[in-house]
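I've put the structures underneath this note.
Shared between the two complexes below is chain A, which has chain B as its partner in the first and chain C in the second.
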Partner chain A sequence: MVTIDELTRLDTSKFSTAAKSWGEISRKASAARQRVDYEMVAALSKREKGEAASAALSDLRQLSQNYQYIHTECGLVRTALDGLAADLAEPQRKLQQALDHAEQLKFTVRSNGSVEFPRVSFDQLPAPALQQPAHPDSAPPLTAATDPNAAKAQEIADRIASALREAGEIDRRYAEELGKLRTNGNLKNTDWADVARDLKSLQAVRGDSAKELAERKGKPPRENARWWGEKSKEEQERLASLFPGEIGNLDGIPAETRDRANRDYLPMLMDKLREDGSDDAETKLAGLRGLSEKLTARNDPPLLLLGVGDEGHGRAILSYGNPDTSKNVSAYVPGLGTRLDADFADGTVARAQQTASTARRYNASTASVVWLGYDAPITGTDQGWNNLDVMGEGRAKKGAPTYDRFLESIRATNGNEHPHVTAIGHSYGSLTVGKASQEPSGIPADDIIILGSPGVGVDKAEDLGVGKEHVFVGAADNDPVSWAPSKRDTILGTGGVLMGGALGGYVATELFGDDKNWFGTDPASKEFGAQRFKVNDGPAPLIHGDFMPAHSRYFDPSRDPESAKNIGLIVSGHSKEITRMAPR
Partner chain B sequence: MDMRQGAERADRILDGTLKAIVPPVRWVHGTSISGLCSGSSTTGQVTRQRTVLTIISPERRGNFFGLVERHWKSSGYHITGNDPGKTFPSLYATAPGEYRMSLQIGDKGQAFFDVTTPCLDKASVPDPASDQEAPRLQDGEIPYPNHTSDFWSAKKPLPS
Partner chain C sequence: MATPPSPSSNLLQAFHPHQHVTEAIPVVMPREGARMAIASAAGAGSGDTHRATSGPWTRASGVAGDLHRSMQEDMRNLDHAHEGLKSGTGGFSSASTLDSIRSGWNDRLSAVLKKCRSLEGDLRSVGVEFHENESHTERSFKK
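So, the complex of A and B:
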């Protein structure tokens, strides 16, 4: 039971000071881990693999994991101590107020919390009466209830009791939590399940923060940016270490903060998937492993993890270049068949790197993001021939508002007053971009690039809302995804439900008619009215080989240098330098 | 041939190209990018980049391009494209074995060389190497052109 004396004398700064020390250890461990990963592991990985090298690498990876464990756990201790200091401040304040009030009224507070008050106008009674704090099962007070001082004294006593109770509960909660943060000192088994468990119990202590963060997900990014900016640095760090997954994925939080939080969250997510063990989890885990390797390497331009998660087919948002400091930011939505897997980590992310690399030559202040923030249609024979989902608009419609929010968040946290934002939609992703432009507030992009598109859901470039001179289309003549169904059926004989391989089931022409692509007028057509830039025709599709080699080369400077250059020019704000080709 | 050998060949192609530039220009290694070839888990390609730090004036740019093009042709490479745009011209070629290269002019007239290998068997790729001396940047970004050459930075065009 906390006494008045204890609570009034309590100096919470000793908790804050201790917290600082734990924070220092946490930071140092993180820096050490980075040194191991960036300098030691990276250097060793490049050399010839022999047994000694493999063994050394394995030890280094264990060391890296140990440092990560120390970083996280010490961060949790720091957070708990900071929380304890902050939470105790309130009951301490309330107690002091009650005591001050009592002094003002010339009441005496006993050490047991009872409050003496002078009786009003009853000269006959020789001694002052005592007013006890109200207890549910105690005897009714001895003094008359009509004395106004009795009521005041009762109220003060209640406030004192309440403050002491509150302090006691806080004390008990934190003692329990800190008691849970134990290690057996054996760093061979740095168990992520342990870390996740510790995190959960500390989050429960800050239940109000968890609730608030859940609410923030639906608020406009600019509001979230303001909310975050109003917090002290300590509070920001506390939230980021307690809720790494939530903060890392919240639109409106600065990019570097999201990156740090997601890097802390990534190993926990991987462990969760490892324990799951299902095929789906294994697929996502392979993707995360690939991302983890890229994040660990020394990257030029720097690589930031702006979002990561295991919902749906997986979520991953990565940026080459810092989108908060760059004047130009592009965000690329991938299409058909994209999900969080090893291919994504390798190939799809490479497109963002290629875009950034090319664009930065034309303007160094450029960042390129790949945004897998939705479930793209997944194809494959396991989906069956009647999978209309492959060619339905549902997925794009669902992803559209999320993509808009992400673009809003870029603007909200960017340090330049008017960053130049380019939306890039590739394949089915172009339909998502199209749908995003049809949301009530439109799409917050300055330029739109459409690549290998089966249609964007509108029939005219100007309907995208950015002005048709800001809509750019790349369509290789040998890219079947960009063909109208009638042409494809003629050339490939795909009338009716057919075609296996990467694209899965095509739906019969009857459903969509002859003139249009799947989702509206061909964006490369004259009717659509966009700016068609020059790309290479690409190799012809092979029915029994790579079905659409021309579909994914747009970003690749070695396979389609003209296309890659044009994309880079648009992204870097030099769209008037592009080379063009006639619309079809 | 694997990715390591391919990368080494790419480095040699770049060495040859830069050696052919007379008078010589200053340059640094750019980022080396390695990745799996699309649709494959056993082959990958490497891109080597070099960035020129010598200021090449617009008046001398044509000579620079001409020199590189002549060298590539005489090395048996095939010129595949030429974008002579005023602001950001570029030149593309392929070398036997499907090595693809480019010379590009970017912001502030800076010249960039790239060579990409074909898809080759996976292998760990060493840092870019050269038989010439090149400043190694410790950290941070490659600077804009900061070296003045009497020849390449001159404002007067060469007499034709």
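So, the complex of A and C:
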């Protein structure tokens, strides 16, 4: 238990000074990790092959892990010490006030906390007391109830005791937290499960911040941006180190901060999934491994991790280029069958890179995001071919407000006065974009690109709310998903014969069997009224053993250069220069 | 005269899989021309090798050197920030716990420091051995 003397003499700045130096170690370790990843690992793994290189790389990867570990854990020591200094200031202030009060009253505070006070003499007592019958031998004993000084002394003693108790409690709590942040000199030991536990335990001590962050999730991104901007740099750092998963995924937080927080969170999330070990966890883990590899490689434009999580089929938001500094930002919603897995980390993320590199040829100030912020419908043999999930609007509707929030977030943190934002929906993702446009406040995008769409849930381009001249459609004639119900008989007549076997059956019954499988008018039709840009027809289904080859080429400059170029032109703000094709 | 730090055996072992390498054995078997680079590296202490400043190994070695020096400074600052912690925090168990976790952290940071120092030497030696310039290095690896 802390004594009066100790709490009085306590110099909380000793803790703050120490906190600062741990914070500095944490900050520099993060910078060091980046240098190891980009200037050493990436540089050597790119060019160098052979055993010397792989031995060096394994050493360097371990070094990178250690810097990450030091960054996170020393950040927690910093946070604990800062919290300790701040929290102890309050009982110290209370104690000082009680001591000052005692001094004013000329009371004496003993080191054990008892308070001595001068007895009130009879002539100072209020009149009624003098009117008591006199007892010549002894005055009636003055109790706390009758001696006003006794009551004051008691109150001061209580305040002192309460301040000491509070300080003792704070001290005990933080000592416990600090005790968990032990380490040793073994570089092989970077136990992320342990780090995650440390984090969680310290988060509980800062329960007020946890609650505040939970509330922030539901607030408009602009408000969150303001809230964040008003915080001191130290407080921002503290929050980001203590709540990396929360800050990393919070709309309205600057992109670079989100990226750093998510990179801190990533090893902990991966470890959690590793421990889980279920098929679902393994699938997500494979995705995160792929992302992690991409994130530590040298990327041009730079790659930022704007969101990551294991909820549902997994979450991942990545941006090629900084969306806060870029004049043009696109956000692509993937569809049908997309989930956080190895394919996502590979092919789906590559589409954002393709968009960014093409668009940056026309305007270098461009960032392209891939947004897996919702559960897209899953297809595939494991789900059964008759999965109606694919065809329901539920997933799109559910994802719509979250996507709108993300677009709001881009606007809220973008430094340009009028950033140009393009929403891109591919496949089922275009329905999500369509649904996002039907939310009460509309979709906060300037242009919309619809690719390989089974319909967007509205019958007219103008219903998307950005003006029909800002709605662009890419629909390959050999992409079965892009065909509207009006054409299904035609397709069945030709493609249906072409597509035999189980896949053909699936396509025929699920895609073309029923009007209600489709989400409104074909966006490539004249009736819909959008701007149809030129794309390659693509190969016919199954000719190359691929289920729907023409469905997945729109972004790829090597397989459909014209489509990729048109997308790049629109995203970079040059939509007047696109090549067009006649609507269906 | 300063000598270049000796590469850890695993790295060189990997580079010379059939040759037994220990810390005590001279670290590199340079091709002709590389000897000069080593001499100049040794002469310059922890400085760059004159002949091999552009290759990825040498650049990586330079980064390891930066990180090594930066960690030295960070550890000094950390020590400095904890000087006199005891006065003004007497009676608080948090202060004694902080003191108790520092030795483990000191070990961890020292281990990283050492690793950076050994990498600085190892990477440079490999770079020197290759007498690296990018095309030459690539050729060496393609063999």
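Observations on the structure shown:
In the analysis below, the second predicted complex is superposed on the first by the 460 of 584 C-alpha atoms of A that agree within 3 Å, B and C clash if a C-alpha of one lies under 4 Å from a C-alpha of the other, contacts with A are read in each partner's own complex, and residues count from 1 in each chain.
Assume a residue touches a chain if its C-beta (ideal position, glycine included) is under 8 Å from a C-beta of that chain, and two chains touch if they have at least 3 such contacts.
Computed from a predicted structure; not experimentally measured.
Under the clash rule set out above, the superposition-derived model of chain A with chain B and chain C shows the two partners fitting side by side. When both complexes are overlaid on chain A, the residue A:E6 reaches chain C alone and has no touch with chain B. Once the two complexes are overlaid on the shared chain, A:R182 sits against chain C while remaining clear of chain B. In the superposed pair of complexes, A:R35 makes contact with chain C only, with no contact to chain B. Contacts of A:D59 after superposition on the shared chain: chain C is touched, whereas chain B is not. Shared-chain residue A:G207: touches no atom of chain B or chain C.
Touch counts on chain A: comparing chain C and chain B, the chain ahead is C.
Once the two complexes are overlaid on the shared chain, A:K565 sits against chain B while remaining clear of chain C. In the composite built from the two structures, the nearest CA pair linking chain B and chain C is 8 Å apart. Counting contacts by the rule stated earlier, residues 46-49 of chain A appear in both its interface with chain B and its interface with chain C.
Against chain C, in their complex, chain A makes its touches with residues 2-3, 5-7, 9-11, 13-15, 17-18, 20-22, 24-25, 28, 32, 35-36, 39-40, 43-44, 46-56, 59-60, 62-63, 66-67, 70, 74, 77, 81, 84, 88, 171-172, 174-175, 178-179, 181-187. Remark: chain A residues 45-49, 300, 342, 346-347, 350, 353-354, 357, 361-364, 546, 552, 557-559, 561-562, 565, 569, 572, 574, 577, 579 touch chain B in the complex.
Touching chain A in their complex are the following residues of chain C: 10-15, 17, 56-57, 59-60, 63-64, 66-67, 70-71, 74, 77-78, 80-82, 84-85, 87-98, 100-101, 104-105, 107-112, 115-116, 119, 122-123, 126, 134, 137-138, 141-142.
Contact residues on chain B toward chain A in their complex (touch as defined above): 31, 33, 35-36, 38-39, 41, 45, 47, 49, 81, 83, 85, 87-88, 90, 92, 100, 102, 104, 106-107, 110, 112, 114, 116, 124-127, 141.
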